[in-house]
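Two complexes are shown next, each including chain A; its partner changes from chain B in the first to chain C in the second.
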Partner chain A sequence: MIAPRHGLMLIAPLALVLAGFFLVPVLMMLPTSFAEYVPGAGLAKGVWTLENYTRIVTDDYYREVIWRTLGLGLFVTLACLVMGYPLAYLIARGPERWRVPLILLVIFPMMLNLVVRSFGWIALLANRGLVNNLLIDLGLISAPLKLMFNLTGLMIGLTHIYLPFMVLMLVAAIRNVPRDVESAAATLGSSRLHVFTSVTLPLSAPGILAGSILVFVLTISALVTPRMLGGPTYKVMATLIYDEFMQLLDWPSGSALSFALTFMAIGVIWLSSRLTKRWAGMA
Partner chain B sequence: MSALTFERLGKSYGDATVVQDVSLAIKEGEFVSLLGPSGCGKTTILRMVAGLVTPSRGRILIGSDDVTALPPNKRGLGLVFQSYALFPHLTVYENVAFGLRRRKVAGAELEKRVKEALAMVRLGAFGERYPRQLSGGQQQRVAIARALAPHPRVLLFDEPLSNLDAQLRDEMQIELKRLQRGLGITTLFVTHDQGEALSMSDRVGVMAKGVMQQFATPEDIYHRPATGFVASFIGKPNRLTGSVALRNGAGGTLSLGGGLKLPASLIDQPEGAKVDIVIRQEAIRLHRDGTETGALAGTIALRSFSGARVQYVVKLAEQVELVAEAPSSGPDSELAIGSSVALAIDPASVFAMSAEGTAA
Partner chain C sequence: MRHTLRFATATAILSAGLSMTAHAEELVVGAFGGSFAENVKACHIAAFEKATGATVALKLGNSSQFAASIRATAGKPDMDIVYIDNSLAAQTHGEKLNETIDRKKLTNAGDVIASAWGKDDSYVVAMVSATALVYNPKLVKAPPTSWLDLADPAYAGKYAIGDISGTSGLHFLLALNKIKGGTLDNVDPGIEAMKPIAKGSAVLYTQADQLLSLFERQEIALAPWYPDRAGVAIDKGLSLAVAYPKEGAVGILPAVIIPKGTAKSELAHKFLDQILSADGQACFSERAYIGAVNTKVKLSDKLQKIVPNGETLEKAWFIDPEVIAKNTANWTRRWQREVAR
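Showing the complex of A and B:
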């Protein structure tokens, strides 16, 4: 066992870096989020207001972007989970000699630059992109499908980009499920499907939870891919915040939106941990 | 009719044969142990019975049903794992109820049978706990209750007591045996601990390197070992090298080196053959200053006290030493190092084994 005092010393370097370069700047943004923005002039001196926050819930446009962001996070997380679990199961439980090649295949896309990968999706999904051209040439559709500048495009792109994170988390979790416990269920009368649903799945819940939180948080805070596949008009919170800061120079509004995004993420993490714990009997 | 039968059961992984043509028949209600050193294939046999490992050869019958090709969930067996393998995400109650629910037992009947099984292992008050909130011994008892609750046709144990400390292990041995007797349930028990196997079983199968060496009652295994391996694996053996000096009927005389001679009632090897000699410590009687005929004379080289017994290392000749025991409170309990003693050895407890590397 490590004594608490030594434990503190072990995390001290990281804690200092995080405090200095992350926590302090974030806290410095807090007053800004309560300041009033005067177009053309910047921050109004000595005036404090809740307006920046109330606008987020009352303004239809902001509300739409928030729901869109949450929906996107949810869809991408579910898509990664549904597609990632079978693959992770194969890697964790399949033939030993497949394991390393499969993991390399999973990691490989992460070695390509994010911008390059997003451009790849533009080439595929654009109105005159590969997918639409192919479908039109095959005579399956007559007018191009709208695959970009909407939820579909963002979902496809982000799912592809965050799938490896989910798979790696799930592989670790599935490998941690003791085989004897599964065998015990089988000898007690469980079919293979029942062994999976009653033992393997709940016992890999920690990995499902960790992978989901990771993918969800990465998705709702993603900037580059939504900007490229969503264009200047189809915005999510991250791109909206970016524009508030960099285009409109409305720092108070941008700060308030940033804090709103953070609290949404924390809220979702808290809720999903509770649900998972109840489901997997870890309470 | 036998409750559980193996017919030339075998398992190979690639070129490595792990279990070789094991045949045996276990009677209804019998308690049978498979005993052998680690890696001899005991677990593999048990997992083949449970349906978790597919046999390479041979058949397994439960009653008169050939179950060789059945999946584990169709065999109706109870298996208790060395690692306990409890469901960590379920309460003790739900762990025990698991197999019953699979058999569509529900409602009041379910509750009655879970309570019954928990009461049998004296854990009636622990239903609401999670496995991680229990001690090792309690977890083991939950595992037993879980296996018993669905009334399996055969109960299988894979070294269930080896993770417990010595005292708890002795208690559990007795408790398990009582439970098994009371229920009359056919049991196959795997262990590397000879004390466990001999004390609990109606019959014991001794295994070495995937081969069944002997399948017999504990008394036969101990007093009439069928092979040299069994003789040297059971009891607390002294091992010496020597040769066959004289054959005389089934037995004869062995030569120990240093000019010492030792009678043995059973010798398979011809005169002059080099042999390894196994003499059980507990078969040697030790006396102050021998006048007894046929006794070997020696001097005490070392004494070690272990509670109920005292062990002496007795030097018989240059390079020839034997370990002998005496009760720790008798007249022979306080022999000093260097004092001379006589050893009387029962010829029936002297076993000659073909020496390593020479043909039998």
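Showing the complex of A and C:
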């Protein structure tokens, strides 16, 4: 057991870096989020307002973007889970000699720059992209399918990018499930499916939750892929915040939206850690 | 003795290092990327470095990124001189972030057209371009004549307009608004007229050069775009032509500002002098298909077909940059909610 005093020393380097390069800049943004922006003249001096926050709740465009962001996070997480679990199971429980090649296959896409990968999806999904051209040449469709600048495009792009995170978390979790517990269930007459649903799946729950939280938070804060595949018509919170800051120069509104996004992420993490505790208690 | 020697050597090395940095002064210039930066190097930087012995470091970005950066570093800018759209130059002037340009320090100031100087000499327009119509003559037999041609069913699905985040999107909205009876205080008619046009657009482009591949693959035949980009694309072999709508093109005026607080104001003025010089302007015009502000520059025949000049220049609508700076945020929010949704 590590003594608390030593524990503090162990986390000190990271805590200092986080405080200096994350916490302090974030707190410096807090006053900005209560400031008033006057187009053409900049931030009004000595004026404090709650409007930047109230607008997020009252403006139905902002509400739509927030729901869209949360929905996207949920769908991408589910897609990663559904596709990632079988793969993770194969890696963890499949033939030994498949393990390294499969893990390498999972990690390989992460070695490519995010922009390059998103650009690859543009080449595939555009109106005259590879996918549409192929479908038209095969005579399956007459007009190109809309695969970009909508939920479909973002789902495909983000699921592809965050799937490795989910798989790696799940592999660790499934490998941690003791095999003799599974064997015990089997000798007591459980079918393979029943062993999986009543033993393996519940015991890998912490991994499922950790992976889901990771993918969800990464998805709702993703900027590059939504900018490239969502375009100007399909905005999520991250792209909206970028536009407020860099294009409209309305820093107060951008700061308020950033805090809203941060609180949403913290809320989700808090909620799921409570869920984990309950679930773990039941299992 | 040995100590003194060491001390002397250290001092010598140190002072040598110091004097070296003092000799090669570095000017940080903010410029747009792509071919623009190449042209800045060829037409402005090369001659400036030769004349002054200073070196230039380029920082690339777009106008609003530069404005954001100048605001963030208020008074201690990380750029000494910046190419920026005139509406954002008006914005940074509104935030009191521009140094007043001293015309007395510029040998070429007298050759520059009077209207190029921004309010209180807080910026100076360095070149003239426009948002006009660009089409593919292979696909379009009769050249387009009006902004309203984009709503013509003949072009259905064969055109692309810019998102409001880019200059052409904003300009097209305002031009349409004016035709439909709106004013700069009331863009309702423009927004209404824009809705169906935006819906039918192949894409809402956010990067000017996105159109290159769309034109190349003949996905589109017509777009509100920039004559300068079209000129460069024509040189590269694309089948394109520029049409100036009868209602008038909308003027684009890339300007130059010196951010307040720069320690290299003198050098920045020298760089600005090179930008405004007849040589610098002519070179940039020829390479970038862009109009000049120096009256001594004469456009070649090739350029006159593309660059706004003569009648097309007289008809062009130059919108007050301060009005744009004050309203962009509102117009953009309305666009996001009513047009692009």
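Observations on the structure shown:
Here is the rule we use: the second predicted complex is superposed on the first by the 277 of 283 C-alpha atoms of A that agree within 3 Å, B and C clash if a C-alpha of one lies under 4 Å from a C-alpha of the other, contacts with A are read in each partner's own complex, and residues count from 1 in each chain.
What we mean here is this: contacts are C-beta pairs under 8 Å (C-beta built on N, C-alpha and C of every residue); 3 or more make two chains touch, one makes a residue touch a chain.
The structure displayed is predicted, hence computed values, not measured ones.
With chain A as the common reference, the superposed partners chain B and chain C fit together side by side.
Angle at chain A between chain B and chain C, computed from CA centres in the superposed arrangement: 150 degrees, to the nearest 10. In the superposition on chain A, contact of A:Pro95 is made with neither chain B nor chain C. Of the two partner chains placed around the shared chain by superposition, chain B is the only one that A:Pro202 touches, whereas chain C remains out of contact. Applying the stated contact rule after C-alpha superposition, one finds that A:Ser191 touches chain B and leaves chain C untouched.
In the superposition on chain A, contact of A:Ser183 is made with chain B only, not with chain C.
Of the two partner chains placed by superposition, A:Pro25 touches none, neither chain B nor chain C. Using the contact criterion defined above for the overlaid structures, shared-chain residue A:Pro13 touches neither chain B nor chain C, since it reaches no partner.
Of the two partner chains placed around the shared chain by superposition, neither chain B nor chain C is touched by A:Pro4.
Shared-chain residue A:Gly231: touches chain C; no touch with chain B.
The least CA distance from chain B to chain C in the superposed model is 48 Å. Chain contact summary for the complex, chain A toward chain C: residues 37, 39-42, 61, 64, 127-128, 149, 231-233, 235, 243, 245-251.
On the chain B side of its complex with chain A, the touching residues are 47, 50-52, 71-73, 75-79, 81, 83, 85-91, 98-99, 102-103, 130, 146-147, 150.
Touching chain B in their complex are the following residues of chain A: 178, 180-181, 183-192, 194, 198-199, 202-203, 205, 280-282. On the chain C side of its complex with chain A, the touching residues are 64-65, 67-68, 71, 90-91, 94-95, 163-165, 202-204, 206, 217, 219, 322, 325-330, 332-333, 336-337, 340-341.
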